[in-house]
Structure formats: C-alpha cells, structure tokens
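Encoded as structure tokens, here's the structure I'll be asking about.
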Amino acid sequence: MTATPPDVIRCAYAELVVTDLAASRAFYVDVLGLVVTHEDSSALYLRAFEEYLHHSLVLRKGPEPALGVLAYRVRTPADLELAEAYYRGLGCPVSRRPAGATRGIGEAVRVLDPLGFPVEFFHEAEHVERFTQRYDVHGAGALSRLDHFNLDTPDVPAARKYYEGLGFRVSEDIQDAEGTVYAAWMFRKPTVHDVALTGGDGPRLHHIAFASHERHQILHICDHLGALRKSGMIERGPGRHGVSNAFYLYVRDPDGHRIEIYTHDYYTGDPDNPVITWDVHDNQRRDWWGNPVVPSWYTDASVVLDLDGRVQPVVERAEPREADVTIGADGFSYASGQAEFKLGEQV
Amino acid sequence: MTATPPDVIRCAYAELVVTDLAASRAFYVDVLGLVVTHEDSSALYLRAFEEYLHHSLVLRKGPEPALGVLAYRVRTPADLELAEAYYRGLGCPVSRRPAGATRGIGEAVRVLDPLGFPVEFFHEAEHVERFTQRYDVHGAGALSRLDHFNLDTPDVPAARKYYEGLGFRVSEDIQDAEGTVYAAWMFRKPTVHDVALTGGDGPRLHHIAFASHERHQILHICDHLGALRKSGMIERGPGRHGVSNAFYLYVRDPDGHRIEIYTHDYYTGDPDNPVITWDVHDNQRRDWWGNPVVPSWYTDASVVLDLDGRVQPVVERAEPREADVTIGADGFSYASGQAEFKLGEQV
Amino acid sequence: MTATPPDVIRCAYAELVVTDLAASRAFYVDVLGLVVTHEDSSALYLRAFEEYLHHSLVLRKGPEPALGVLAYRVRTPADLELAEAYYRGLGCPVSRRPAGATRGIGEAVRVLDPLGFPVEFFHEAEHVERFTQRYDVHGAGALSRLDHFNLDTPDVPAARKYYEGLGFRVSEDIQDAEGTVYAAWMFRKPTVHDVALTGGDGPRLHHIAFASHERHQILHICDHLGALRKSGMIERGPGRHGVSNAFYLYVRDPDGHRIEIYTHDYYTGDPDNPVITWDVHDNQRRDWWGNPVVPSWYTDASVVLDLDGRVQPVVERAEPREADVTIGADGFSYASGQAEFKLGEQV
Amino acid sequence: MTATPPDVIRCAYAELVVTDLAASRAFYVDVLGLVVTHEDSSALYLRAFEEYLHHSLVLRKGPEPALGVLAYRVRTPADLELAEAYYRGLGCPVSRRPAGATRGIGEAVRVLDPLGFPVEFFHEAEHVERFTQRYDVHGAGALSRLDHFNLDTPDVPAARKYYEGLGFRVSEDIQDAEGTVYAAWMFRKPTVHDVALTGGDGPRLHHIAFASHERHQILHICDHLGALRKSGMIERGPGRHGVSNAFYLYVRDPDGHRIEIYTHDYYTGDPDNPVITWDVHDNQRRDWWGNPVVPSWYTDASVVLDLDGRVQPVVERAEPREADVTIGADGFSYASGQAEFKLGEQV
C-alpha cells in the first residue's frame, strides 16, 4: 500500500554552496546575466528573466562547494502534508521548514530522498517582477528560466522507479543491448525533463540547466568568457544533443559546479508522448554532431549535503560506465551503423 | 628589378579532383546547398547564392583526390599579360589557356607558383543568375560566397613574402617568442583573407571556405549531417576563431577535402588596418572558446597537381609545428596567462 | 449543478475548408514547410516537425473557405463521455464520430459550442514519425508545432466564462478603463494560450498559429514569399507582440485564412501565473515596437461551419471595437503615457 | 580637362548637431551601444565595435539639429592635395583644416560639394582599441561599423554623375519607364553603398547607417526601445530591403536624425558587378515583404550646414516623387505584375 505522493509541478530552484560569493556573482550575474532578487553577506538569490518567483538559484557561502538542496514546487499547500507522509512512509529523513526559512519561500518540507539527495517541496513563494520584456536589461546571453536538474546516481533503474512513484514520466533514455541503463530523462512539466538521472557515482549533482530562447544567446556566453580570458570555464559544447534535441553548453562556475545552458527542447505533455531509447554506442546520442564528450563531463560532479549540512558519502556505480563502453580504450561508438565514426582523441 | 604583378581582385574559384561525382553532389549540393551552374559526366560547376560568375567551385572527376587549381580574378584583361611576364620572371612554369578551357572562364594564365601550387589568373567569366534573393531555393544552411583558400606550406615567411609581392597584405598571424611564424592570413578584398598560409608539409590545400550570413546557417549544416548519420564528416567546430573572429565549421567532403563554413569576418580595407599577432601558446588563438583542435585538422590536407596533372611532391616543414608546441605531450597553452587552461585530452 | 467537463490537454488540430488544394499545398507545404502525412483528391493532412500525431491541420476541399472544425485533445478515452454529457447539459448540438471519421483520428465527440464554433474532442490518434531531428528535410522556415487558435466572438467575457468552465485559465487580456474586454488569452498546456478570444463579429476564426524555434525561421518565410512575388500574402508583421511577448508574423493563405507564425512564448504552468491586463490604448499591446495594426487584421476572419456543414450566421459585436477606440479617427493610443506615439497613417 | 579626384576609400564618419547631449547619449550609447571614445561638454565621439579609428560619429551640441559634416577617408596624405585642387576646379568652397581641428582626425580638407553637402576628406586619424572581440561589453544589439550615408538631393542623375567623377560606382537604382531616376546606391568599398542618393528636397541628410552582424541584434534594438516605452523612435521596419537585400531598421534619434541599422549586404567589388535597376512601381523594391513605407520616411530629413555653420537652403525636387507615384492617391505599385499588392492604408 503506497501513500499518495505530492503533486509536483516542476523543478523550481537549487541551492548551491559556494566558497566565494564575489567570484560567484561575477560568473552568475555578470556573465550569465541572472537577475539579483536579493543579496547579503551570506547568499545571493537569483532568477532568470521570465521567472516571477523569488529565485530559481540560491548561492550560499560555505566552506566547500556542494549542492545544498533541490527544490520542487507542488500544486497546493496540501501537497506539503502529502510530501511529509510520503517520505516518512519511505523511511526518509524529513523536516518541516517554516515560511522564510529560505528567503522568499513559504512553508516547506525537506527530505533526504531515497537516492540520497536533499530535496525540498514548497508551494508558496514571494512574487517579484517578471523581467520577460525588460529588454533594457537583457544582455546578449539572456536566460529565460530554470529548465532542469541532472543527478548522478549509481542505479538508474532504481532511481527511475523512485521518480515514477512521484509521478514523473520518462521522455528518453540510454541503454545497451544487454539492458544496462546509462541515463534517463524524466519530467513533470511538459518539456523533456525536470530531472535527468545519469549513471555514476552518487548522490552527486551533475548540473542544473537554464533555458534561453535562441542559440545565439548561448554562443554569446562562450564569446563573453573568451573575452574575459576565462575560456577554461567552458567545459563542453556548444553542441546539439541527440537526446532531447536541445542545443547545449556546459560551463563550470568558480567552484566547479556545472551549469548547462539549453534551448530547442520539445513538447512532451501528451500522455502517449513517445519514449526514445538511444543505444549507448550511438555516437550521436550525446552530441548529434558526433563531437566527443570530454572526460571531466563524465567524471566530475558536485557532492551533496544531507539535511544537517554534512557531505553525503558517495556510492560507486557498479554497472558499466558510459565513458568506458563508448569511445576510448575498451569501448566503441558508431554514427551510421557502419565503421564510420569520429575518434575522440585530441592533441 | 621586379616585374609588375597582376592586379588580383580576390580568390575566385577552386577546382577539386574528386573520385565519385555522385557522392560529391550529395555533399556539396544536397547538404551544403551550392547551386549547380552546369554538370556533366566529368565535372560539376557550383556557385554560392550571391555569386554571379559561372562558378566558384569545380569538382572534376579523377583517379585520386587532389587540388586541381586555385583561381584568382584579376582586374583587367591586361593583367593576364602581367601575370605571364611576372611568373616567367620568377622562373615558374606558365601556360596560357584559351577562353573556355575551363567552362565558363575566359582566357587565363596558369602557373605553378613558387610555393608549388597550381594557380590560375583570369578576368573574363560567364555571368549567371545571382541567387541573392532566390529565397525560394535557399535552404536552412545557405552559403553566400567563396571566402578564402587555406594552404599548407613549409616556410610561412617565404610564402608571405611571395604573396606580398603579389600585393596581398597580412591581417593576422601566429608566432612564438622565438620568431617562428606558424601561420599568416593575407587579403586583397577587404576581408581577413583571400589566402591563409599554414605552416605544414606542402604544397597541400588545407581547405577552402565559403561564407554564410549568420551562424544558424552553419549550425544547420551540422544538424543536417547528423540527420543523415554523417556526423563523421564534421571534423572541427562549430566554434569561434580567435584569429579573424569568425564563427567557423570544418567539414570533410567524401574524398576528404576540407571545407570551412565561415561568418562574422571583419573589414580590413583601410591601409592602416592593424595587424594582429597571436602567440602560438595562446589557447584562444585557434578557438576563442578554448576548445581543442583535433589532430587531423593539423595533419590532413589535399595534395595538389602540377600543370600537367601530376601530384606534386610534398616537402616537410622544417620549423616547429603548431600541433607539437601547443597542447599535448611537449607543448603547452594558456588562456589567461596563468595556469588556467583546458586540457585537450578526450575519451 | 454543473457536469464535469472533459480534461482538455491542448489545442490539437484544425480543419480548414479550402477551394483549391493545389494552391493550398503550394502555400502550406512548399512555403510553410508542413509535412504531408496523407493527401488525396479531397484533403491534405499536415503536421509540423515535432508532431507525432497524424496531423495538426486538415485542408479539406470545399465550395467556399471556412473553418471546418477546431479539435482539442482530451486526456483519456473516458473524457469523450464527459464531453458528450457536458455539452448536452449545455444544450449544444452534439454528435459522436467513429474512429476514422477523420483520417488518423480515433473516436470523437463533435459539438457546436455555445460560442457557435464546431469543436471536436478526441483522445486516440494515429502516431506517425516525429521529424524533430529530420534536419535533412527542415527548410529555413521550419515550424515545430501547432500553438493556438484565435477566435472572433462578440462577447469576450461570456466566451471567457465558457472556456473557464472547460478548465482554461487566462494568461493575459486587453481591457479599457470602463471595463470593456477586447480580448483574452487562455490556456491548458502551459503556454500563453491554446485559444485566444478576440472581440469581434463571430463566430469566426481569426487565425491558427504554428510555433517555430527561432525568429530567423519566421523571417525566412517573409523572404521566401518575397522571392515568389507573393509578398501580398504577408498581412502583418513580423513583429513582437506586447501581449504574450511572442515574435509573430501573420500570413494569409490562398483562400484568405490567416495563419500566424509565432515564437518566444513563455511558461504559464504554475497555478499563480500572473495575469497581465493591457490597456487597450497602450500602443505597444499589439506590437511592442508600436507598429500599427493593418485594418484587415481587425476586420477579416474565416466563417465557420455548423455540424451539418452550413455556414454559421455571424453576430455583430455590440461593445466598442478595438480598431475604433485606438489609433484612427475616433481613437487614440500612447506608448509612454505622454503624447508620444506613432501614427498609423501610411502612404 | 578634369582634375584627378582624391582616392576615396570609404565613408568614414558623420558629425551631427544635436540639441541635448545627455538625451543623445541615452540613445546612441545606452540603446545603440556605440562605444564612447571621448566626451566633453560640447561633443560625443563614438565608434562601433569593429572600428579602430577615433570615431565614426560625432554628436556636437548646437542650437538646432543638422548635419555638420560627412567625412570620407582617402588612401594617402597626398589625396588631400588632390581633393583641394579637385573641388577648387569644381568651383566649390574649400577649407583646409589642421590636424586636431576635429578631435582624433588629422589634417583634412573640407568642401561644400556641388550637391550642397559639407564634406570632409582626411587620411590620418588616431587609432583606438578595436572592440571586435570585447564580447564582455557587446550588448544584445551590438553594431559593427558605419556602413553608409543616405542623402536627399533633388536631381539624382546629376548627383550620380558627380559621385561617378569621384570614382564611385552604382550598384542599384530605382527608375520608372519614363526614365525618371528616384534613387541610386553608390560605393567605393565593396558593399552596396557608401552613399545613397535619394530624390527629394535637398541638400538634406536622409540617414546614416551602421551595420550589425546578424538580424537578432537589430530586433533587440526594437525590443529595447519597447522596454523603454520609446517605441515611437522606431520609424520604419524592421524589414528586408528589395534594393541591397539588406535587413533594415530605421530609428529616429532624440533630435529626429534618422539612423539605419543594417545587415546582410552583399559583395560588389568586382569590376563587372551587375547593376540592378528596380521599377519604382515594384512594391518589393523598398521592402521585399511589401510592407508599406511610412510617409515620414519619404518626407523627413536633416538639414545640413555650410562650411560656416549656417543651415543650407533646401531646393525642391522638380521631378516626380517616389511617394507620390507609388501607393497612395495617385500612384500604384505591384508585387507580382498582376493586381495583387498590399494597400498601405492603416487604421
């Protein structure tokens, strides 16, 4: 007998622990162009141009980089009760937080979910000005809204099952012929995902992603980092994903947290939305143009905190790793089904 | 005492020897969208959408891939006489070609230039419809015009001197602190280049480049190749060059000839146009975003034919190679001047 | 006591009666680039590149241009029973249609809704290939998906109330200080609208809209029509809407049916999504750049058929008309609140 | 016997007299994003992002809006002597200006040309930082460089003849079947124009134009003005010109001076570049999409000063006016050759 899960609307905000607020501000505000809702000596509260809730990203000063919390918005205040009961039923640590425990956010329930991630559910939040048409402050790399979270977790099928229990559905995944699942994309709002599950040592945060309207906005962020002589912050891309069809860029913030900029997602809201399964050996699954994935993208991720602010231990993935079975010493990939593919080796 | 050189307007067309015209047509016409001016069993004559001369690219069927000729347009018919005298003075093989020797091209002078490249000078050419506003046939990856040639040659300073003799000026180059010159960009029309000289084993053709209006047209070519499951034809990019500031993509045709698609060049037409010299160790010189250059881009190039259609021998570069002195086993690069840079290693 | 309405997912397809299928094909397929799922001597079934249901537009040959039906997809087969009961309860004509009555569509309920529009509800539909990544067939003006319907109806508050009964919510509207409502935008899927209600003589179809990813795709459609010497089909735009913030273009098909191409919409899926009310005298409400609305855009619309295929009578709007109270003889508009505004008069 | 004209490279800068420097700064710097090279209480010296000469636009405070001077750069210092002799030969007022007479500009020759415009020729100018890759300061509407001047002059054939004497060539023009010439586009650098001659009451400055790389940069300027509630400054466009094929926007500065933003021009540098003659009745000549030209665009222009700073008298055009012979009471236009065209009347 299972409890009723809360009705999750969408991924809503993330809190990252950063070690140097000024350095983070230079990156998130001056380069990425996020709007500052509030800032003080301990935290920055940021939002993208089309968002009207208080923030979609909190950067909180702390001793070492980590994920503080992932927050999902629920449909009604009553969903908080459902959340509490649901996670207690799962045997997870649960805590109630009064309104304002996080600035701008109403009453909330925080849990350490079965995958080991600190997750918050909230309904109420302070409204602030929506900058949709504030083109006077939109820069050349304007970001519209938070799009999704991407999580490293050792056992993707188990994680998928857990998220299906919360009412998420799969849009796409990556498997091999033996049935190993390497990654899955899952959503509540009708985009390709609110959360992606990536097979790897976890719990760790692989990245959070913001959406832009057009690709030139993403390209500008690259140009901007080049002009600052900070091209080293560009980790991967820009490129076109096979999975999701989105145009993407991965950058690393001053603490190494990975941020994706993302556009050209597709609508998934119909109940029979076709699930796309990609072969892990398909060289176009991660990059439609066949450009190789850099190793750090597979290996690096942010550790996560538990509800008491301690770094969670990381469990190794037992199943084969995508980086190992694809291009490289022991793996292979193809683009056309024949021999034709692009070697990832570089100078 | 030196002879007067011909007055070169711009790079005008290239002839590539290809081994399978149908395969080449699928690439240049169906993917790149070049307009067919004429085709028969031995050759394809192609132009981009804003060109009104008969062709800017000839694909001629032959037994092995090679560069057939590079053609420059000269300002007047009398420049042909100047060209003949100039190259005879240089001791180069020279041949006169009657109008129509190449379809659509008037009387011409062909030489084997001091760098070992087969080069043609012509003034007259047949006019055909300029498709500038034929948006009914422009695809999503529309190309506007031929932009430049890029040549592998062992001794860049010598090659630069030769091209300066022809009236070309340098816009940018790559050097190191010891004065080794790795590459130089030279122009007659007021863009960054009509010809680039890349230090390497030569004479070989590194690539020819076509310009588009905007970046999304270049990105579409990548998407298109992905859809055809031919992502292996994408060799490098898309990216932003440091040198020239252009947005670029390198693709390889079915014979391995390299084609660049290129946009966002700048105006160089004033006599005091500042020359930009890049340090070979600057990690943003080849890609403003610091993305590593793939090895094949440094090593592969097309052999060239002499005036009798025989493959020219290739002379090795004696000076240090850019690929060796930058990222990799023995080299290094920087982005910011400090330690910060992106390792090129890949899975 | 009210019946439970069907759970509408989104606007799903429209059927337009056209008088010349070949002319319509030249417009919708050759210019707009819609994909043909099926065609025969009596109809064309079309879809956009990211759609996997059989069609989002049916063009059916008939004696005079009209709207045949507007179709909404419902969440489950059981919603058909709800729909039938709901509209019978409203006293509307209702008919059940077996699967295949419209090619590609399963069992359906058709009604003549209280506003006088022929509306279909369906759940089942045939799946076809989703062309999301078929970049080999995407043209420069690629369209992604159907976005919304826009309806002329005399009494906007009454129409709004009716659609709220069906579970639609308002995202934006246009009013004046006296409380006259000139238009309202309403949605089920989390975009600005699935249906817009425009105050005017009705029932008439003002337009249907397809979404593209980026603005250059919309601009290409203009360029393409120019190249065909069919610029007369461009009625209004391109421009940026004040309402919805979307970038738009209105074109008229060979029968005069109006099609909008639309991009840059925003997310509306949270329950507290702020409603934006625009003053009818705000000169930037219809075009953020203040460019005047052409008169035909206010006056022209397509008549609609009843369930027996007869043209529905049109009822005149009794309240003030937006075209009359804004720029023109008796109206006025402002941009900044002061006198500054752009006169709409033209040569 | 004619004197040798100076060798003009390109249009180089304009000086506009403005009445409120702060208001002008808010427009040219804060909205258009031009870079300030120098400013003091009497003038602003501005340049676009790819320019390395001191300025391409001077805004000088004065009692009433006017054109102060149009400046062309010449190839060598010796061209100044040629310019002086050439204009003395034409009987024009001529004055020599020492280096620094205009800040940043070397020695110069100023003339009141036969068309009544104050024109400067200079060779030397101070170099400043070229911001080509300063993406950290490029806004979403980044402008690359000055492109051209557009002049109102009563007798276009006479003006054309004068500019041909200076070595300019025609790229395109607008005529009617009776041979009336309504406008001509003329160039030195290989773009469509350095100067356009528009038939109208003159001498007056119709506009100066800056080029951007892509169309989205132009669209952003519209969005930006909308956000500032200054949409009234958008006079015409955005649109695609028939003539030149360029994508355009016309805005009016706080004094009413007209600025065009312009992109997608084509290469004209070959000696046989085809001249395109448009029929004045072709409805797509001024806007490829057939959108009507607003009347102010035909009627308004900036008066010009003589060499002593007095406003030059304006001579009426004697020949038919384009606005009168096209759409409107007495004129007509066509798009397809048949009756089909778009009426310009507006609400």
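By written order: A, B, C and D. Residues from 1 in each chain.
Simple rule for what comes next: a contact is a pair of C-beta atoms (placed from the backbone, for glycine too) under 8 Å apart; a residue touches a chain by one contact, two chains touch by 3 or more.
No experiment lies behind these values; they were computed from the predicted model shown.
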| item | value |
| --- | --- |
| Joint neighbours of chain B and chain A, given as chain labels | C, D |
| Reference chain C; chain at largest CA-centroid distance | B |
| Higher-contact pair (C-beta pairs counted), B-C versus B-D | B-D |
| Whole-Å gap separating chain C and chain D, where each centre is the average of the chain's CA atoms | 42 |
| Averaged-CA centre spacing for the pair chain C and chain B, given as whole angstrom | 49 |
| Euclidean distance of C-alpha centroids - chain B vs chain D, Å | 34 |
| Chain A residues counted as touching two or more neighbouring chains | 133, 214-216, 223, 226, 242, 288 |
| In the complex, chain A residues that touch chain D | 133-136, 138-140, 142, 214, 216, 220, 223-224, 226-228 |
| Contact set on chain D toward chain C in their complex | 215-216, 219, 222-223, 225-226, 229-232, 234-235, 238, 240, 242, 247, 283-284, 287-295, 298, 323, 326-328, 335-337, 340-342, 344-347 |
| Touching residues on chain C, where the partner in the complex is chain A | 9-10, 50, 52-53, 73, 75-76, 127, 130, 132-133, 144-145, 189-190, 213-215, 242, 245, 263-264, 266-267, 269-272, 274, 288 |
